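Below are structures written as structure tokens.
There are two complexes below, and they share chain A, which is joined by chain B in the first and by chain C in the second.
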Partner chain A sequence: MSLTLDTLVAIATLILVVTGLFLIFGLLHVVNLAHTGLMAVGVYAEVSFRGHGVSFWPSLVLAALVTGAVGGVIEFVVIRRLYARPLDTILATWGISLVLVQCIVEIYGSGQRFLDLPTVGATTVLGTPYSNYRLLLIVLGASLVAALALIVRFTTVGLTIRAVMTNEPLARSHGINTVRVRQLTFITGAALAGFAGAVLGPIQGVDPNFGATLVATGFLAVLLSGRTLVGLVLSCVVLATTQTLFSRYENAVWANAVVIGLAVVILRFRPQGLSLRRT
Partner chain B sequence: MSRARLTWAAGGAALVVVVLGMPHLLGTYYLSLLTESLLYGIVALSLDLVWGYTGIPDLGHALWFGTGALAVGMMTTDVDPTGLVLGVHGGLGRHIAGVAIGMGVAGAVALGVGLLSFSQGESDPFYIAIVTLALTVVAGTLYTQETRWTGGDNGLFGFAYHKFSGTTWYYICAVLLVVVAAGALALVRSDFGLVMRAIRDNQRRVRFFGTNVEAVKIGVFVLGAMLAALGGGVYATIVGFVSAPLFGFLFSTQILIWVAVGGRGTIIGPIIGAVGLSFVTSKLSESYPTEWSLFLGLLFVAVVVFIPDGVLPPAVRQVRRLLHRRRPPGLSRALVPSPRARPELRPRGEPVTVVSEVEFAYGALEVLRGVDFEMRAGELLCIVGPNGAGKSTLLNVLTDGKLPARGSISYFFHRGEVVRKGQPIHRIARAGVARKFQIPHLFDSLTVAETILLASRKGRIPSLWRRTREIPVARSVLDIVGATGLDGREDTPSPALAHGLKQGLELAAAVSVRPELLLLDEPTAGLTSNERHVIGDVFRRLVEAGMTIVLIEHDLDFVARVADRVIVLHGGKVVESGTPAEVSASSVVREAYVGTAVT
Partner chain C sequence: MSARRISTGGHRIAIAALAVTVLGGAVAATALARKAAPAPYVIGWVTGFTGSQATNAASATQGLQAALANVNKNNIAGRTIKVYYADDAADPVTAGNVCNRLVNQTHVSAILGFESTPSTAACNTYLTPNNMPYVLAQTSTSGSLCIPNFFSLANVGNQQVNPLMSYLTKNGTKKIYVVASDFASGHVGAAAVAQQAAADGATIVGTSYEPLGTTDFSSDISKIAAAQPDTVIDILVGSDETAFYKQFKTDPRSNGIKTASFLMDDGIAAAIGGQLLQGTIVSTGYFKDNQSKGNQEFIAALQKKYGDKAEISGAAAAAWDGVFMLAHALKSAKSTSGPDVITSLLTAKTSGPRGDLAFKNRHYVSLTTYIVQEQKDGTAKLVTKAQRITPIPANPTC
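So, the complex of A and B:
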């Protein structure tokens, strides 16, 4: 049972990490390598807010807002100028990540920090006691996916998003302000990164390179998703399950390498990734 | 001696004096810093070959440097299982073997990564970026775990080769850098360099010239990895230390910064960037480690966003302006009539291509619904039909065997039969199919003559060092060049051409492949009526010589003048076929072109 729960936690963690990345990749066709840095911004924002006595839930929201604002600045200054040069976006976002991390080192120092868990204790699930906070992660991951699916399927915002995703020039000619859509997408993606950072902070141990290993898998999950939500969930399940099983039965460090190798091999033979959409 | 040569000689002599004099100017400490930065220069130029010239964004280039360094470390140290260095072997032989092994391992790993990552489909530039990034992150974590091999967190140390003085190492590294740089410059200026740049500019188009894009990319990627490993191996031999950060993404990023700031695609720029920035970095990062990293990051972003060419190219332009010099003419190339005989072709009238029951759909949109026709040798076949009839899609299906189309297409060429299904674009192109696109797809950094040179290689890998000045082409190519006004513009970069000239260049490039089957999508759009007339004559001559041409054309007068046979594509099917006169009399064509609905 605990293996099943561990796997679910790993899947939920990966989903939390990649949702913002997926949104930006899907709409902007940009793999946002600054995601690592943005997650670090989120977790350090949480460190500050909690340090000033703000309780857990409000500080999550505030961390997401702060990161969203940082994302807004990045979009305005850099990303907006690079939409026609996808290769350069990779480099620019990579550079931004470095800048964000160095800013954090400058302000907070490079040492490790720890965040208190908001809920201690365990709940017994089918006979296995399991940490409350980790159970909370599973719930959060599941509700994030559910919310995203519902928004995309049933709301006007979702309709706009789908229109821009499928055919941007056509969407523009139908009166959709695609510049604004891109801007809001990037801000939302950044806010989600900050949220993920803040949520994962208490169990991951906080340092400025926070998330670097998590995100390497995340990038591959996004490429594997084939730009569909179902594909995203499927690839998170496949990668996270592989990682958990391999860590459990073999070696935790090599698990990272195995997951990356697996993703590369899948993409070699299924370039469309794990999307179920017919091509 | 010309003035330019004199300037070069003077510049070269000054450089030699500076390089030779450095040991007398600098103290031991600074000299060793400089020696290291020369090795970084090798790493930066290896990334420039991969990223700057071939357009492969390798975000984990440090991995190759680290591999070279680790190989030397492992060859020269004894380590216990916890990673403690127990003893060191001193001989130079082991160091040299370590460097060689490191280069071999790096090359082999790069080959594996390349084979898996560069796929035949429309490969995403993000893909290789993320794979290399992920690899470098994983390598960093694995390094600290596999202590038996790597020394873990402490790394391997104390294995430097001590018998050479700092000055000797400096000279060795300077010679190494000069040799590698000279080789790299020869490579990028050679005919092969044209292929690298063409892939960077427009890889899809290169495939249609018959070039195996993946093979070239993998080759350059492996070369880049091996050169970086060479730098890493020599580095480890000198400093006697290897640890996880040499593999890590921070070092990878530094290499990227050197190349971006120096000026990608220039070889010299990245070397200057690496030597200069790493020299300054090692100085400033002692006193201001965080601030300096922050500044480097900002510099990188600013360069990528605002001066993507890097610092060197604009600087060189400014200096030239100050000296009142115009841009120097690069290598001047000329097109000359080929002495080669005509390619052997199938006897006139025999089928060259048989298309049967071809169906193709984009998702739910069925574009081709059972297309049947034949093309015969020495025939000029026109495909007409209203917009959206599937004409261009038909050409896509004909030239790309990877597209999931039903039905069968077989080519019967002089050298044998080729079945389309499953064949990648470049194989079909090599078999003898050339294509001109409706909208010109050219290469931003190639001149007219260079584009034709690339096409006339027909996908064979050109020389790695030779620079062809006189490009042998068929008479018909010279005719097209003359007719479209391209003569005298052989050295003009293709983005500087007017639209009509671009069309002419597309056409000339397609013909210079010397295909058996030439597919032309609206070749006369954008040309004047006089030019059309001349081009029409060229087509007739090619066909008389036995080539088979398929023409997509809207101008029915032009069709009537040049075509042997016309087929009408409508609603995804061939609805009419016959001589131009027969077809233009048919009711279907009239209705389709006048716009009344076909019932």
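So, the complex of A and C:
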């Protein structure tokens, strides 16, 4: 049972990390290398809020809002001018990430920061005692996917997003303000990055380079997703399960290489990724 | 009228003579002063300001700058020490490039480094042929480098492992599990633990290596739970160590298993927090709750220079010791030539935040190891210490 729970935690963690990245790449075609910097903004915002006595749940929301606001500024100042040059956004977002990390160093210093767990207890799941916080990660990951699926499938916002993703010029000709959609998508993606940082901070080391290694697998998941939510969930399941099983039964050092190799093989034979959409 | 003119002219001559005298005196005084103050000793400070070591590098640089201010103010080296900064990005190729530049363009006389073993080796390819001293001001190192111009102020395996193992086995540990980062010090440390465990009658029931930057330790926790050791010794670095403790200590499978570390510094301990870390045994070359005079002076200097932003850590203490060791060697050498300073370093010693340090005709320093127990309130309590431990580097030719 513990192996199943460990795998579910790994899948949920990956989903939390990549959702913001997926939104921005899927809709804007922007490879957002500032994602790690935005996650760091989220976790440091949480450090500040909790340091000022704000409890865990409100601090998560506030961290997401702060990161969303930072994302709004980034979109307005830099990204908006580069939508026609997607390759240039790689360089621009990488630079933004460096700036964000340096700002954090200037404000908080370069050392690690203390961020305690809101709960250190355990719950027994089918006879296996398991850390409450790790169980919470599973719930949050599943809730995030469910919320996104509901929004995309059943709301006007979702319909607008699908329209812009499918054919932006056509959506624009139907009166959709695609500039606003892009702006809100970047802000939402940034807020989700901040939320992920704030959620994962309590079980990670918090330093200015927070999230750098988490996001490496995240980019692979986004590439495999085929720009669909189902594809994203499938790719997270495949990559996280492979990594967990390989680490458990073989060698953790090789697990990363195996995951990258697996992604390459999948893309070789399914260039559309793990999307179930017909091509 | 003419007498007045003559009188005025006399004044002018007198004023001119006075001016020449004063000016000449000033020039002479300046020349004498120049002769009295020897030229600064120029060194390079090489560390990873960017890359995976950036966190510790910033802290170490604070220690360096605080020490330089102290050394120059009190003329401890007999001359001013001037520093040039270089970023090796925690990458051996970059380290080689920046050291090449420091040696051949900036013309430094020595290098102080806070680097990994591969970066240190790459840097020394430019120093060794020129007989220029390199002082490694690190917290721990693998001890695999053995070159004549190289001096290390870092702990090597036996200096931290042996006192820790001795303490653990005397206090009931029979079965040990090792979790290490997959890098040179991790492998060397794990080998040293295995060797000493055999000598002390303990058994290694499992060893896991994790790549640097690991964020999920669930597979290790499962393996540890299956092996049921008395103590887990971690040889993880930086954020990896923090993540491991946060995940291991909150996992019910860890109940009853003790923890010990020999790479953990005060910064990491503070990031984990006393609540999770309490009871953990740490073998360290530096702990900030040390009440020694050398440590109190170091902390006061750092706080004076950086105020609230002072990062008191083992890295900063190592850099501080590095500056003082080089300054003492420089003063004894009475020369700035590379071979003279290298010879002087062989017998140099200093006393600072980490206690008494001396090379004693070796290239690795003999030092004190403190065995501390982490407390719930975040402080560290000294349980025992082993003084002036002779280093046994991993490279047997040293």
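Assume the second predicted complex is superposed on the first by the 279 of 279 C-alpha atoms of A that agree within 3 Å, B and C clash if a C-alpha of one lies under 4 Å from a C-alpha of the other, contacts with A are read in each partner's own complex, and residues count from 1 in each chain.
The definition used in the following text is that a contact is a pair of C-beta atoms (placed from the backbone, for glycine too) under 8 Å apart; a residue touches a chain by one contact, two chains touch by 3 or more.
The structure presented is a predicted model; accordingly, all values stated were derived computationally and were not measured.
Asks: Would chain B and chain C fit next to each other on chain A once aligned, or clash?
Replies: Result for chain B and chain C: clash.
Asks: Thinking of the overlay built on chain A, is A:T213 touched by chain B (first), by chain C (second), by both, or by neither?
Replies: A:T213 sits against chain B and chain C alike.
Asks: Could you look at A:N256 and tell me whether it touches chain B, chain C, both or neither (first, second, both, neither)?
Replies: So A:N256 meets both chain B and chain C here.
Asks: Which partner chains sit in contact with A:Q204 here, chain B, chain C, both or neither? Use first/second/both/neither.
Replies: After superposing on A, A:Q204 lies in contact with chain C but is clear of chain B.
Asks: For A:R81, is the partner it touches chain B (first), chain C (second), both, or none of the two (neither)?
Replies: The answer is first: A:R81 touches chain B but not chain C.
Asks: Just chain B (first), just chain C (second), both, or neither: which does A:A69 touch?
Replies: A:A69 sits against neither chain B nor chain C.
Asks: Taking the superposition on A as described, I'd like to know which of chain B and chain C A:V105 touches: first, second, both or neither.
Replies: both
Asks: Identify the partner contact of A:L136: answer first if only chain B is touched, second if only chain C is, both if each is, neither if none is.
Replies: In the superposed model, A:L136 contacts neither chain B nor chain C.
Asks: Of the listed stretches 116-124, 152-160, 188-196 or 332-340, mark the one in chain B with C-alpha atoms clashing against chain C.
Replies: In the superposition, chain C collides with chain B along 152-160.
Asks: Taking the stated contact definition, name every residue in chain A that is touched by chain B in one complex and by chain C in the other, in rising order.
Replies: Chain A residues touching both partners: 105, 212-213, 251, 253, 256.
Asks: Given the complex with chain A, which residues does chain B contribute to the contact?
Replies: Touching chain A from chain B are residues 55, 57, 59, 113, 116-117, 119, 121, 123-127, 129-131, 133-135, 137-138, 141-142, 145, 249-250, 253, 256-257, 260, 290-291, 293-294, 296-298, 300-301, 304-305, 308, 363, 404.
Asks: Could you list, by residue number, the parts of chain C that touch chain A in their complex?
Replies: Within the complex, chain C touches chain A at residues 52, 54-55, 57-59, 182, 208-211, 213-216, 218-220, 222-223, 225, 238-243, 246-247, 249-253, 267-268, 270-273, 275-276, 309, 311, 313.
Asks: Enumerate the contact residues on chain A facing chain B in the complex.
Replies: Against chain B, chain A makes touches at 31, 33, 78, 81-82, 85-88, 90-92, 94-96, 98-99, 102-103, 105-106, 212-213, 216-217, 219-220, 223, 251, 253-254, 256-257, 260, 264-265, 267-268, 271, 278-279.
Asks: Quick check: in the complex, which residue numbers of chain A touch chain C?
Replies: 2-3, 6, 9-10, 13, 105, 109-114, 116-117, 120, 122, 129-131, 133-134, 200, 202-210, 212-214, 244, 247-248, 251-253, 256
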